[in-house]
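So that you can tell them apart, the chains are marked A, B and C in the order they are listed, and the count of residues begins at 1 in each.
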Amino acid sequence: MSAILEVKGVTKRFGGLVAVNDVSFSLAAGEIAGVLGPNGAGKTTLYNLLTGFIPADEGSIVFQGRQLRGVAPHRIVRMGISRTFQLCRPFVGMSVLENVKVGGLAQPAPPEGREAHAQRLIAQVGLSGKENMPAELMAYGDQRRLEIARALAASPKLLLLDEPIAGLGSGEIAELSTLIRQIHADTGLTVLLIEHKLHEFMKLVNRVIALDFGELIADDVPERIVAHPRVIEAYIGGNVPETEAA
Amino acid sequence: MNRRALDTVAGAPGRMANPAPAPLAHARPAGLLGDKLDMAGAAVFVAIMVVLPLVLDNSYLLGVLSVALIYALWAVSWDFMSGLTGRENFGHALFIGAGGYTAGFMNTVWFIDGWWSIPAAMVVASVFAIVVGLPTLRLKGPYFALAMLSASVIMERLMLIFWEYTGGEEGINGVEPLFDSPLSFYYFALAVLLLVTVALVMLARSNWGLVLRAIRGDEATCQAAGLNVTWYKIASLLISGAIAGAGGAMYAHYQMQVSPQVFTVVLTITVITMVYVGGMGSVWGPIGGAILLVMMTELLRDFGEWRLMIYSLTLILILFFLPEGFIAPLWHRFKAWVGAKR
Amino acid sequence: MVEILIQGAVSSAIYALLAVGFTLIFGVARILNLAHGSFYALGAYATYLLTTYDWPLVPAAIVAIAFVAGFGVVMERVLVRPMRRRSLLAVLMITLATALAVEQLLFLSFGSEYRNVPALVSAKYTLFGVDVAGQRLLTVVAAIVLIGLLWLFIQRTRLGSAILAISQDPEAAQYMGIPSDRIFSIVMALSAALAAAAGILAGPFLTVQPTMWLLPVVKAFAIVVVGGLGSIPGSILAALMLGYAETIVAYMASTSWTEIIGVLATLLMLIFRPAGMFGKRAAF
């Protein structure tokens, strides 16, 4: 399998703070990988770099053979990278269906038509019947599903999920994990996800990229990551992640 | 001719504060043209407006209605940009004045036929839209609103300062009317208003409108979804400004003069009040707001000097008690009631 | 040359008084107060009104300032605060509507002719060979004193620290038990008082009529854009820049072009450096 994303030596500084320090890794097409790290490790900054929201100071980011540095964020979406956010941010004042439709507007209309496309995605994430609900009034778990549907509407090749199960109760966590696994299986998308909750995390991904203070400290399968000395040090020495499903 | 309503009134103002709960989205009617009830309502409205002057046969009222139609044009154009995106434009008078003075200059200084003023006004207003909009719409915060305010105030000042060229306080007089008969002008204004409103409503109900409302809903997320948010805002401002400018030119030819009044903050506030009354974000609602407010102004003639005071108090009351507006929500209530009756 | 120096100082002084109050209430409460100019107008008019009742000037001025400060507090409490829950733009709208209502109130009460606010100092002085109205000198001195007092207040008192805390991080300040609502009222009162003082000082030599609120707001906006929203030193510096720029242009070219400077400066700043000279990032 070819690498769909190649990150080489990417560095980002904010004044004196080095948020991301010489990070390199690559993602194969169709992988489902995770980014692990305590608070402040640079995970969200990495996402912001990948999506073009902030410019990298050094290094290169190549997606499907094309250099991403310097490309405007909306072009990057059109090239095939979509992301969700830590805090759900639905379009206020619009229905679920409208939210998903807007997600797809960056791309040309799919052959089935935008409306049908959106309806299909809404069904895929399990929100059927709620198309006309105002997005901001839904339960948080449903808003999470909406976020995912909206990100999928842009027909991405690479889906970046930022703590998709944050703020959910244990039942919802299980459901959402299943959903993510299902989507990955159905669509063959490449998925990268940031997560804090180690337990769920390990079940979902087949590879973990561990960050600490902006540096990549390990890049391996989950079973070996938990035994990795630097990972243990990062967690025991600093923030201890929750190892049980909340 | 058909006009359509949006199925939801753009509700919550922005991410920062707790959004006002949006009304449940009505079941989405097919296509860009709304449902049968909207069509019927529009037809009734058009019929009334066409027949009214013939029935009333009163030249004074005809004048009032004509002015109301032009105000409606300004209000609809404001709502299309600011009502949908939530980026409020506090200097709409900039476009109106640009259009008005363009018409004035072209007609009295360069003696160009009045019919060219309208396209010319649209071009000039568009230039203003780009000059002010381009730097400010890409910024978060109140810069756009205040920059528009400042620009309109400065233009008003400049018209006064360079009085040798602009006629100062008195303005430009002797602008030729477009039509010989006021009745013809009325129907012309009505036709323009209806055409513009239909076009804007269709645009608002299309994917373009979806993006504008998403900008209002959560601009940063809209950007993150891959949409060039700044481009949409500027394009909408261009459309809004060009139409307002055209209205300004029409107004100049109707009043046969242009004065710095067309650049004032009062004019902008009046237009915004009309939008609030009509229903922010509905695009067609401000027509009702304009007609209502112009009629209210006529009724308040006797109060003379108190007129503007009453206006500003009305606006304050509306901001507190009826921020969703009045006319468009009423129509939606009516439609729901009719739907329940079936 | 000396004339420019002095007149420039006078203009800058008034602009500084206006801009500092404007940026202060913004920095602390995130309120862009379009009715700020109304404080300016009310200060002048209130003083004028009291003098028509034969009040001596100094007490009249003090009472006027107190009145305007009170008005500001009431306005914030009754009109602005409910709108803050909605959005920043609702706040802008309500302050704009209030400004118009105040303008109309003044118009209905006093008519549209220019009024005469008597000068606190009617003597003329000669400074470096140039004749200067005492009132203008007073303006400069008073501005320096008032702003200086404000600066000391913010830097040296507990209340001042609270104000700084809120402007840096409103949430954290609340967690620390700082009563933000009360602080907003105090800051609003200070902001209004400064603007009112500007109106009283400038009244004798600038125009006093109901629409006098608008241009100060536009200029204040220009100044805080250049200086940086929320930065007091920035506002002072930008006020100096604008005051002198306008004076120089007025002397060199003509007064007609002075209006454009502020606008041009604003536009250029917004294009190249929206945060202003000292402001934080434009986003908030």
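We adopt the following convention: a contact is a pair of C-beta atoms (placed from the backbone, for glycine too) under 8 Å apart; a residue touches a chain by one contact, two chains touch by 3 or more.
Model, not experiment: these values are computed from the prediction.
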item	value
Longest centre-to-centre distance from chain C, chain (CA-based)	A
Central chain (distance from its CA mean to the mean of all protein CA atoms)	B
Centre-to-centre distance between chain B and chain A (centres being mean Cα positions), rounded to whole Å	42
Distance from the mean Cα position of chain C to that of chain B, given in whole angstrom	32
Mean-CA-position distance for chain C and chain A (Å)	48
Multi-chain contact sites of chain B, meaning residues that touch two or more partners	14
Of all residues in chain B, those that touch chain C in their complex	13-14, 16-18, 20, 86-88, 90, 131-132, 135-136, 139-143, 145-147, 149-151, 153-154, 157-158, 161-162, 265-266, 269, 272, 305-306, 308-309, 311-313, 315-316, 319-320, 323
Chain B residues touching chain A - in the complex, by the definition given at the top	8, 10-12, 14-15, 19, 21-28, 207, 210-211, 213-214, 216-218, 220-228
Partner chain B, residues of chain C touching it in the complex	32, 34, 79, 82-90, 92-94, 96-98, 100-101, 104-105, 107-108, 214-215, 217-218, 221-222, 225, 229, 256, 259-260, 262-263, 266-267, 270-271, 274, 282-284
Interface residues, chain A side, partner chain B - complex	51, 53, 72-74, 76-78, 82-83, 85, 89-95, 97-99, 101-103, 105-107, 114, 132-134, 136-137, 150, 154
